[in-house]
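Each chain gets a letter, A, B, C and D, in the order it is written, and its residues are counted from 1.
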Amino acid sequence: MNPTAGIARVAARPERVGLGVMFALAIGAVALGAKWVSGPASAVVAVFMLVAVIGLIWVALVGGLETRRTLAPYGLLKPGILWLSLFFLAPLWSMVVMSLSSKESRFDFFPSFSWEWDNYRIALTDFRPQFLRSFGYAGVATLLTILIGFPLAYVIAFRGGKYRNILLGLVVIPFFTSYLIRTLAWGNILADEGPVVSIIDNLGLTGVLESLNIMDNGKLLNTPAAVIGGLTYNFLPFMVLPIYVSLEKIDARLVDAAMDLYSSATAAFRKIVVPLALPGIFAGSLLVFIPAAGDFVNAQFLGNPQTTMIGNSIQDQFLRQLNYPVASAMSFVLMFIITIAVLIYTKFMGTEDLA
Amino acid sequence: MTAFSRRQRFGQRVINGIAGLGLFYIFLPILVIVLFSFNAPKGKFNIKWQGFTLDNWANPFAQEQLTSALWVSLRIALISTFCATILGSLIALALSRYKFKGSGGINLFLVLPLTSPEIVLGSSLATLFINRGVSFGYVTVIIAHIMFQISFVAVTVRARIRGFDWTLEQAAMDLGATPSRAFWKITFPLILPGILAAALLSFALSIDDFIITFFNAGSLVTFPLQIFGASRVAIPPQINVLATMLLIASVSLMVAGTVLGNRRQRKLAGN
Amino acid sequence: MSGEEGHGVNGAASAVAGDVIQLDQVRKQYGSFVAVDNADFSIGRGEFFAMLGPSGCGKTTTLKMIAGFEQPSSGRVLLEGVDVSSVPPYKRNVNTVFQQYALFPHMTVADNIAFGPRSKKIADAEIKKRVGDMLDVVRLSEFANRRPSQLSGGQQQRVALARALVNYPSALLLDEPLAALDLKLREAMQIELKRIQREVEITFVFVTHDQGEALTMSDRIAVMSQGVVEQIGSATDIYKRPQSLFVAGFIGSANLLPAVVVQGDSNGAAFDFWGGGRITVKSDHVNADVALTAGEQVTVMLRPEHLHVSGTQPSGESLSATVTDIVFQGASVRIVAQLSNGTEVTALVGGDADLPFLRPDSTIWLSWNPDAPFVLDGWPSVAGATTTNVDSVEASL
Amino acid sequence: MAGKLNRRQFLIRSGVAGAGALSLPALLAACGGDDGGSGGGNSLFFENWPLYIDEETVKLFQEASGVSLKYTEAYNDNNEYFAKVQPSLSKGDKIEADIIAPTFWMAARFVQLGWAQKLPVDKIPNIANLRDDLKGQPWDKGQEYNLPWQTGVAGIAYNVKATGRELKSVEDLFDPAFKGKIAMLTEMRDTMGLVLMGLGKKISEIATFDEAAAAFEKVEKAKNDGQIRAFTGNEYTKDLSSGNFAACVAWSGDVLQLTKDNPDVKFIIPEEGGTSWFDTMIWVKGSENGDAVAKWMDYVYDPVNAARITASVQYISPVKGVRDELVKLGGDAAALAEDPLLFPDEATVARLQSWGALAEEEEAKFDEAFAAITGA
């Protein structure tokens, strides 16, 4: 077939050109970043990407108003997408490659790819407790953020009146102080001779809390409860805000209408408010669970050697043991599980509420 | 009837009570942080209350390394926020201004960095840099920050300019304005508050980012990394002072933003 | 090729030298969907031209192609005789009043109006003068420094007009200009628009789905349906001599009664109604595309206000029917009746008429003046009275 | 590629150099760095452990030598620091710091990997003041690559208010009475060294992991029983002082500094013995500031200056003659001259042991096993 005719035919569908060039650039960026190519080949890829961009500009210039209008969004997207391809997608690919690589020796800093599935075996067996703890702690923390966050969001949305924005601000403001400092402050608050423990002691609740496994041997700091408490605290706004957004949309008259239709207040709450708040709760759960599952700061500052989470392991393997392959395998497993959760969520709920 | 309403009022009180406790929970550590910025610790640990002093506030920059770390963070945040705001806003514009093939995929693609655990983002990016033989430092940290800020800005700006009346742009062009004049005179001033809000929030994200930075900083020390380092030795009260200052700064920015936004809204709404 | 040759399928598109806007076989396609098919007509200088049709009929797309927001897939758009098909909007000397006005919320009324001239880099003094003049024309001089949001709907509408007219466009395009206003204001603005148009003597092209609006204001109307221009003509033309069943049904109310040709020649023709009854019509009341061969299916249009109602059989041609509903409407009484073949017919009689025999289930006779019926080709998909309800029209589309 | 810019070049190119923390001299030095010149510029960057110097030495040195010294405390952890600089150094790029002070075993790794430069020994006359027992490490027999910064002892620290009794043995760390109140160091050699000595092993003779396995089992069991509250770096001091930890494996100088503020905190070398270690200055590969490096090392090896540092950090100085200088300083400093932890007597020295060199694979086994215990 005549190539010019082919080009003309493609150019007649500018959205294909735009989409095609964007894909080409993204793949090129990943290829360059993730070292699919190296040496002269990478120069070829770079030239190819340049040609694609020039081709796009050419099509835009030749194609007239309509074509330019069709191509405009792709032009706007390109720089950002290119950046994300290079520094988000390519790294993920590098991570996958690394997770299947093996080290020649202890100080081999550039492990080579060798289908080393053993890294995954190590990640899933040696670090199984950490994975389980991560998801367990993150799950409990998510539940707690719902329990604390829902009443907060509810009161702000329905009882806030004109103070709504101020109350919402109050919820968010503390999270403008440094994450680390907040967590360290919790450490001081929960310390053995700190205020919380002494109040509990004075109230004589130590035994009760110990039997509930919240306190351990008279201490609160460096227990699973402290880690979960820290996670709950640090990610609480991610729950309050989406719930608030979905509650705010509820027309208060709906509740009136339900009560008009002989529903009791609790039934109205259960059948009207809760279902309508569910999208917010789902979005919030995702937004809390994800960072909580990958966190290592809370476990480090508030935990003990038996409360380490997968984040601690990844950090330790990566930044102390220099065991990049195993760290990458753990990262990949974490990413994989969470991505599946996200995809299931977006399939049903879309991407709108996740902002 | 009375029983019913009494139960109802009780239920309301319980909910109010839980909300109040929730607020207390949220503020407790902040109170501690602010309080201990006025502490006069004996020795090097700022843990026990030992007396009120304004010394720490009089010399907030006494800790030279802390101050320089703060500068490093501010500089990184400025550069990365600037770049990410441009890149992210362009994406948001494309997504809200145009209907085009592939926008659904782009939406999902944008959400992914936001829903990936930071430790994965940080370690995978570090893997890339190690593979590619890039030395860690300013450049890598800025690259990393821009990466997670782009998605954030794009999604936030898109949400903020949802409902923007794009016929205004058409109207401007109809009145003889070139596309660029239409953008700078009409669209830009109107979506600027949304962009600024996104930029402010992503600036805050950059300033406070620890996990991703931790993996990609090499021997560069940002403010959170300095705090992390200090936490292994002793947290000087100046950290509380600087944290409180950052808090006050961001709160005033937020309040100013809300007030200005409201006034502007009122102005545009004609009240 | 110039538009003057006239490709009009509807015969009304013959272009005259000096026409402001010419559409030359314009077609607009989105993928496989044809939004506008073969639009081919001209709009003259100083004309008040309406494009009327249900939503989705392609009228707004046509307007956008004139304004430059859309490009024709094929065919040409000419402004003042110049092909502007691929000229961007900011280089076309036409201006638009948008449906929701699209006033710039962050600018004052004066700045809004000055936006166009400023874009064209006209001297400040000149801009000031023009803006002042324009504010006078739309009677908003004291609102110059207000923001659009501080104005009422009608005032906003006038700002939008001023903002467009201040550029002295070849033509002013109005997209559903009155749709955002309430009924009273809409009627006032109709008059205001006519006044302003007379004052500035600029071609107005406006798009509406409201046939009342189109009939009241325009010199000529183009009725569109499913991307096709069905008919172009004056209001009376379109009302009295619709060229398609769609136009007949869409403009005003009409009883569309299926019939067949009995016999006909150049003087006139006779038709048998489906289900009984005969009617004779003069040849100038038969649409040109009706073949007058016996047995041909046609539709006879009878406007409700043209039907006379009596309790006994009148002398001339008539139809008998059974009353099903009587609705008192103040100025008039609407009578719904059923012909013997089941077709429902509506008649409109003056509110002062004394009709003691009218009662549900009573039998009445419907008659008409010989000028009243108009014959169209083909049978209607739904026989009987077409209510002029846009929603039902849309639904049937 | 952008990654090849070092920080200074980056700052200069991006035009922000003047705006921030970079001082003018450093900037000039950075510009001057391109001129070549074998001795390099007159600036120096020393990345050291936190709280490891007095407040004056940096300033005094700059005045005395004219060298502009950037002194930071970002060296928090041997392994972490290694991981951070590894990508640059393994590729042959330089890192920012000219001098760092890793612990001896990490310094050995730097030397073995070729990441340390030979010191300009002839320009450091005070090197003669180096304590004899520190000379000629197996990995640096000619004393060409390292010059110790401070030396110290890992022993046991305890808060007597929390323990309620005095401690004296490694076994005290495993006393069930202190369940959940014990901490150990993430520095494997110090923690495991102590436990091994508690088991009666001689750590200098340990060459394979198998010989140490029993100690690892012991620690792991303690961890599983909830005996151990945390594995820490320097941060144990805070928890020890506040009473969160009753007792922990600790470094002598840290605890001595701490005791000044909180007399309840005490440090002992357990009767089974303590590990001795030293952190040592090395000149990082790629650094061009050899003259400044020499000036600095010579300066801190002057007993007068070394004594000032010792008085502040309270670790055992590697410099001969410090004791005399401390006496000359009088007051509190003079009292330090009598401190057995700063100037240990023969009997104490006899109880100290230090690790020998471990083969690479064995070291890897140790580290792996220890990482598994610390739970990360």
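Everything that follows uses one rule, which is that a residue touches a chain if its C-beta (ideal position, glycine included) is under 8 Å from a C-beta of that chain, and two chains touch if they have at least 3 such contacts.
Given the structure is predicted, the values throughout are model-derived calculations rather than measurements.
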Margin query: Report the chain whose CA-based centre is farthest from the CA-based centre of chain D.
Written below: C
Notebook entry, point to check: Busiest chain-chain interface by contact pairs, anyone?
Noted result: A-B
Notebook entry, point to check: Taking each chain's centre as its mean C-alpha position, how far apart are chain C and chain D in Å?
Noted result: 90
Next item on the list: Mind checking the centre-to-centre distance between chain B and chain C? Centres are C-alpha means, answer in whole Å.
Entry: 55
Check: If you average the Cα atoms of chain A and of chain D to get two centres, how far apart are those centres in Å?
Finding: 38
Check: Taking each residue of chain B in turn, which ones touch at least two of the other chains?
Finding: 47, 130, 132, 143, 231
Next item on the list: Provide the list of chain D residues touching at least two other chains, using ranges where the numbers run on.
Entry: 77, 84, 87, 242
Notebook entry, point to check: Which chain C residues touch at least two other chains?
Noted result: 88
Next item on the list: Just spell out which pairs of chains touch, all of them.
Entry: A-B, A-C, A-D, B-C, B-D
Check: Across the complex, what residues on chain C touch chain B?
Finding: 67-69, 88-91, 94-96, 98-100, 102-106, 115-116, 119-120, 147-151, 163-164, 167
Checklist line | chain C residues within the chain A interface of the complex | finding: 70-71, 86, 88
Check: If you look only at chain A, which of its residues touch chain D in the complex?
Finding: 105-107, 109-110, 126, 130, 191-193, 216-217, 219, 221-222, 304-308, 312-313, 315-322
Checklist line | Sites on chain A touched by chain B in the complex | finding: 15-16, 18-19, 22, 33-35, 70, 72-74, 76-77, 79-81, 83-84, 87-88, 90-92, 94-95, 97-98, 109-110, 148-149, 151-152, 154-156, 159, 165, 169-174, 176-182, 184-186, 188-189, 191, 233, 236, 264-266, 286-287, 290-291, 293-297, 301, 311, 314-315, 318-319, 324, 327-328, 331, 334-335, 338-339, 342, 346, 351-352, 354-355
Next item on the list: Could you please specify the touching residues of chain D with respect to chain A in the complex?
Entry: 77, 79-80, 82-84, 86-87, 90, 109, 113, 179-181, 223-224, 226, 228-231, 242-244, 360-361, 363-364, 367-368, 371-376
